[in-house]
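Heads up, there are several structures right after this.
Here come two complexes built around chain A, the first alongside chain B, the second alongside chain C.
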Partner chain A sequence: MSALGGPAQTGGVQQPTAIGIVGGLVLIIIALAIAFFVVQMAGLIALIGIIIGGVLVAFGVHFVPVGGAPAAMGQAPGIATGVAMLAAGAGLAGLFGGAWAAEFGLAVALAGGAVGGGLMMAITCLMVNVTYIFGMGIPAASGKVDKDPITGDTFPAYKSQGTEGHGLPFISYVGGVIGGTLGGLGGTLIYLMLLGVYEEVLPVTLNASVEEIAPVAVSLAGIFAVGMFLVNAVLAAYNITGTIEGPHDPKFKRFPRAVIAAAVASAVTGIVAIMLVGVL
Partner chain B sequence: MEQILFGIGITAMAGALATVAGAAEDTESDIGSQGDPNSQVQLAPQMGYIHRIFNKAVAGEPPAYGLWVALGAGIAWAFMAMQINAILAIVIGSALAVFVQGVYATTAYLGRTASLAKFGQPVYIDIIKSVTTVTMAHAFVAIFTTVAMCHLMNAALGHPFPLPLLGLVWGIALGAAGSATGNPFYGKERQYQEQKFGAGVPISASGNIVRYAEAGQRSSIDNGWFTTKLGGPASGVCFGLIVFFELWRTVVFEELNVWAPIIVGVVIILVFMVIDRYIEVWARKNFGPYTTETEEAAA
Partner chain C sequence: MTVKVEVGAGGIPHNQILIYGLVGSLVLIYLTYLNVIFDTTVFSFLGGLGAVAALVWGTDTIKHLCSYGLGTGVPSAGMIALGSGVVAMLLATTTGILAPIVALIVSAIVGAIAGFLANKVVRMDIPVMIMSLTELAIVGALTLLGFAVMVGGTFDFLGLAVGTTTFLGFTVESYAASVIGGSIVAVLFMLGAIAIQHSFNACLGPGEQQDRTLMLAAECGFLSMIVISVMSFAFIGFIPAVISLVVSVAGWYYTYAKYIELSKRDAYAWLDAKPILEPKGGA
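Right after this comes the complex of A and B.
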């Protein structure tokens, strides 16, 4: 951890390479084929859901305004913690809500997870601004744009000398809520897909009723969902390198690379989670 | 109706426990210097500023608390499965998790500080003796309250996740909320107390943290005393609100319609968004644009 929170930040858009896309697609197709071979159509659909969930998580992380160490000194805008960790906190709070609503069907559970993640970020972002404004006397100022794209507020005059900005401008707040929402949605989708596979396969392999295997299925799906969430959040954090202000930050345009990486990582980790019960 | 009333009571209790957990977590991380501001504690000796601040940021707060709370919850869960009283099981689980936290804090301090030997930073044994136990005490409060809150969610509200998994989920969320809210106050207002109030720390001042107190050198325990004035309570309110609203919208509105908690959740998000915009505008209006001292004098 350096004083400025990470390596040099280019800010430039780095598009995925052709070899990366082809290699990724091959891995995804192999994983889908294995899923179909092991658990037939249910496995294939579950893995597609897991890949979509992973992509949503990685995409959502790019919205979350994270300032890391510089934000803790009011040297850069954003929330003063790590990208992956903050996104994980929000996404897992969403997963909690989604898992609770799982009995009411896919749509309600997904919406519950999304709102849970968004709510966590809405409260956290508000308390960050409360600390900056009422504890430190510092108004919000972006370092990446001169004008807030939503409210039209101008920032250069409010930026302290020798800093890149501070606090959470409204666009960053909205980005945080969107990021939390997508994280909660993605995490819950991964959980529900795995839960569906386990509830279908485990009663047959263990020769027990669905009620009897429910604790095992819920625990396994929950642990794998948390694990896959962290994999995708960390991948996105590597793509961001250090800090990001939100959807208005030039670094946001790097997301296609993270989306492809997350799809491949979700396919590979997802197939391990499915094979765990499929090959029993 | 009785079920809803019972649920509201549990929700209020869980929210209160979460508030205490958030405040204790932030204070623990500030005394132990585990948040992002620790980058300055690590940087200071490299810039020639030798200090007596604790230094244990070998992991971020969210994964560290994910581990400790999941550990406490796991042990408590095992004891409860052996028919041991729930409160006793949670106390024993939290106490054992705190021993792991103590080992983590000691080895992290020794490792991180020893790595600064080439810059002349000594390893102070008296700091390990005096500060580690204080961080452990605060960690116990944070872990106990979070595990107790998770037990309520599981046993009283019927969440499907087993206790250790709830511990992992809410431990990570606790660390995320506490570090997000409390870090700027510890970093800017305490480590850089000599810098101007109402402005960010200039990048050129990096590493020049405050190292002296009213008498002698500043201790990390003083940092906990300072951050409990705002950073700790704000983190507590943050985590308390998250837990309370997450449970409240489900417990109260699920009986009306399965979609009602979601609609209420969206409304709550919009309300918080309006409050945020209000205080943002309030700050711009009341604090005004940034001015240097010469500009102020000329005016």
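Right after this comes the complex of A and C.
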């Protein structure tokens, strides 16, 4: 019974089962049909936006260098915490960054969310390296590749024996920022889509003006976005199982599975969020 | 690079805890409907107790699931539980008296789909995955519903979304001064998440005992209840909020004292300096 790397770790990537893909497609189509039935075209567009947002979150998570407990002891590269926690941090920072800008239109809000998530990861990665290098006295060395794909730095001479590498090499830093940007973008997209639906339908059902129901609409969209974000992030975390160094890690090639899972999960949770206005 | 998650054998069977947790939580949340019948809010604290029942059950489920080794740490299971639970719970509040039942059904569907995706698409291939994520989603939904009742006095959407505020001596309805409009749900979300993530994460390892882990789960639940009862002063009357506070503090003190007692018992059991046995086949 081991916690990390528990499920069968075969050499190649295990492909999704046929029943998984077919079942997933059926669920997405059902969800889209319900969305069209409940809020017509606006609901359909909102759900498609939510699915794209969820896919961005799951894809972005794979870029983030996650080290877990071994990284805390300087025995593996990456940030010393779990995938779900890092994804939640980057996504929520992005969500807050984008939410305040919602009134300036879709493009500005999405950019705000992306910059917020990317900035959060950039600061985290920087401080992680400051701690590693100046606090723990260890150089950055990847265990998965011999040469940094961007800077061309070589790693084997700096890698301590018995470790899988340590610190946060440049490629991992870049991956972290890309991951944070995608996560913040996805989280904000989910939020904006839901906010659009609620601001359109809630004033009619509650018989109040848009300004009056704004707190309810913002709060509902926000908490739904957080919930969906966490479901997608955890599914991506299950896909990674443990640690990942960034886009150069062999585990990165697993991302299609997480993208499919996130699309279906976002469709299902998204339709529940949209049905709220249909039931009310 | 492996970390052992060890769970103690023995204790109450999981299915028994499942039934106690599910029935207890549903009954306690439904009992808060007495608020509507007697037109009061003194029964709000029962919602919090329902949430604690669900949390104890959820902790046992997490223990069950994480013994297979997820590779992502224990808290991620709590995160997906509350994430899928909050979605189902908010939809359920719009169905009036049926809310707890609808929360159960919708969260079960969402959780089962998440488990299906985890096993068939992400290829975790863990036998208990679908069942565990279904249970965890229900736990998340019932926990949040119980906490929402405790802070707002009702599980009806309009009751949670419309508050009252006093303006120039007149009492007016306000969407901002409500449980949902004031984003109190976000705080409930984190309080529930902390309560469900912590206990097994803290207790796992050699010598893990079920009664100690579950006692810590109840303690975390009551700790969250204390914060929620303080917030409920803004939404339900003064006397009902004081009752909630007293119940939470009393419950917390009892479970905390009990937890320390059980910890001392288990620490004493190690006094003979037994070597830590490596599991067969290595970690």
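We adopt the following convention: the second predicted complex is superposed on the first by the 268 of 280 C-alpha atoms of A that agree within 3 Å, B and C clash if a C-alpha of one lies under 4 Å from a C-alpha of the other, contacts with A are read in each partner's own complex, and residues count from 1 in each chain.
In this section, a residue touches a chain if its C-beta (ideal position, glycine included) is under 8 Å from a C-beta of that chain, and two chains touch if they have at least 3 such contacts.
Source: prediction; values computed, not measured.
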item	value
Fit or clash - chain C, chain B, common chain A	clash
Touching partner for A:99 - first (chain B), second (chain C), both, neither	first
First, second, both or neither for A:82, with chain B first and chain C second	both
First, second, both or neither for A:158, with chain B first and chain C second	first
Which superposed partner A:226 touches (first chain B, second chain C, both, neither)	both
Touched partner set for A:69, first chain B, second chain C, both or neither	both
Which of chain B and chain C A:246 touches, first, second, both or neither	neither
Touched partner set for A:118, first chain B, second chain C, both or neither	first
Which superposed partner A:184 touches (first chain B, second chain C, both, neither)	neither
Chain B versus chain C as contact partner of A:234, first or second or both or neither	second
Superposition clash, chain B versus chain C, among 112-120, 130-138 or 274-282	112-120
Residues of chain A that lie at the interface with chain B and also at the interface with chain C	1-5, 68-70, 75, 82, 85, 88, 164, 214-215, 218-219, 222-223, 226
Residues of chain A defined as touching chain B within the complex	1-5, 68-75, 79-82, 85-86, 88-90, 92-93, 95-97, 99-102, 104, 108, 111-112, 115-116, 118-120, 122-140, 151, 153, 157-166, 168-170, 173-174, 177, 214-215, 218-219, 222-223, 226
Of all residues in chain A, those that touch chain C in their complex	1-8, 14-17, 19-21, 23-24, 27, 68-70, 75-76, 82-85, 88, 164, 206, 208, 212-216, 218-220, 222-224, 226-231, 233-235, 237-243, 257-258, 260-261, 264-265, 268-269, 272-273, 275-276, 279-280
Chain A contact footprint on chain B (complex, rising order)	35-40, 42-43, 57, 60-63, 159-162, 165-166, 168-170, 172-173, 175-177, 179-189, 191-192, 197-207, 230-231, 234-235, 237-238, 241-242, 245-246, 250, 258-259, 261-262, 265-266, 268-269, 272-273, 275-277, 279-280, 282-284, 287, 289-290, 292
Residue ranges of chain C in contact with chain A within the complex	1-7, 66-77, 79-80, 82-88, 90-91, 94-95, 106, 109-110, 113-114, 116-126, 157, 161, 175-176, 178, 180-183, 185-186, 189, 279, 283
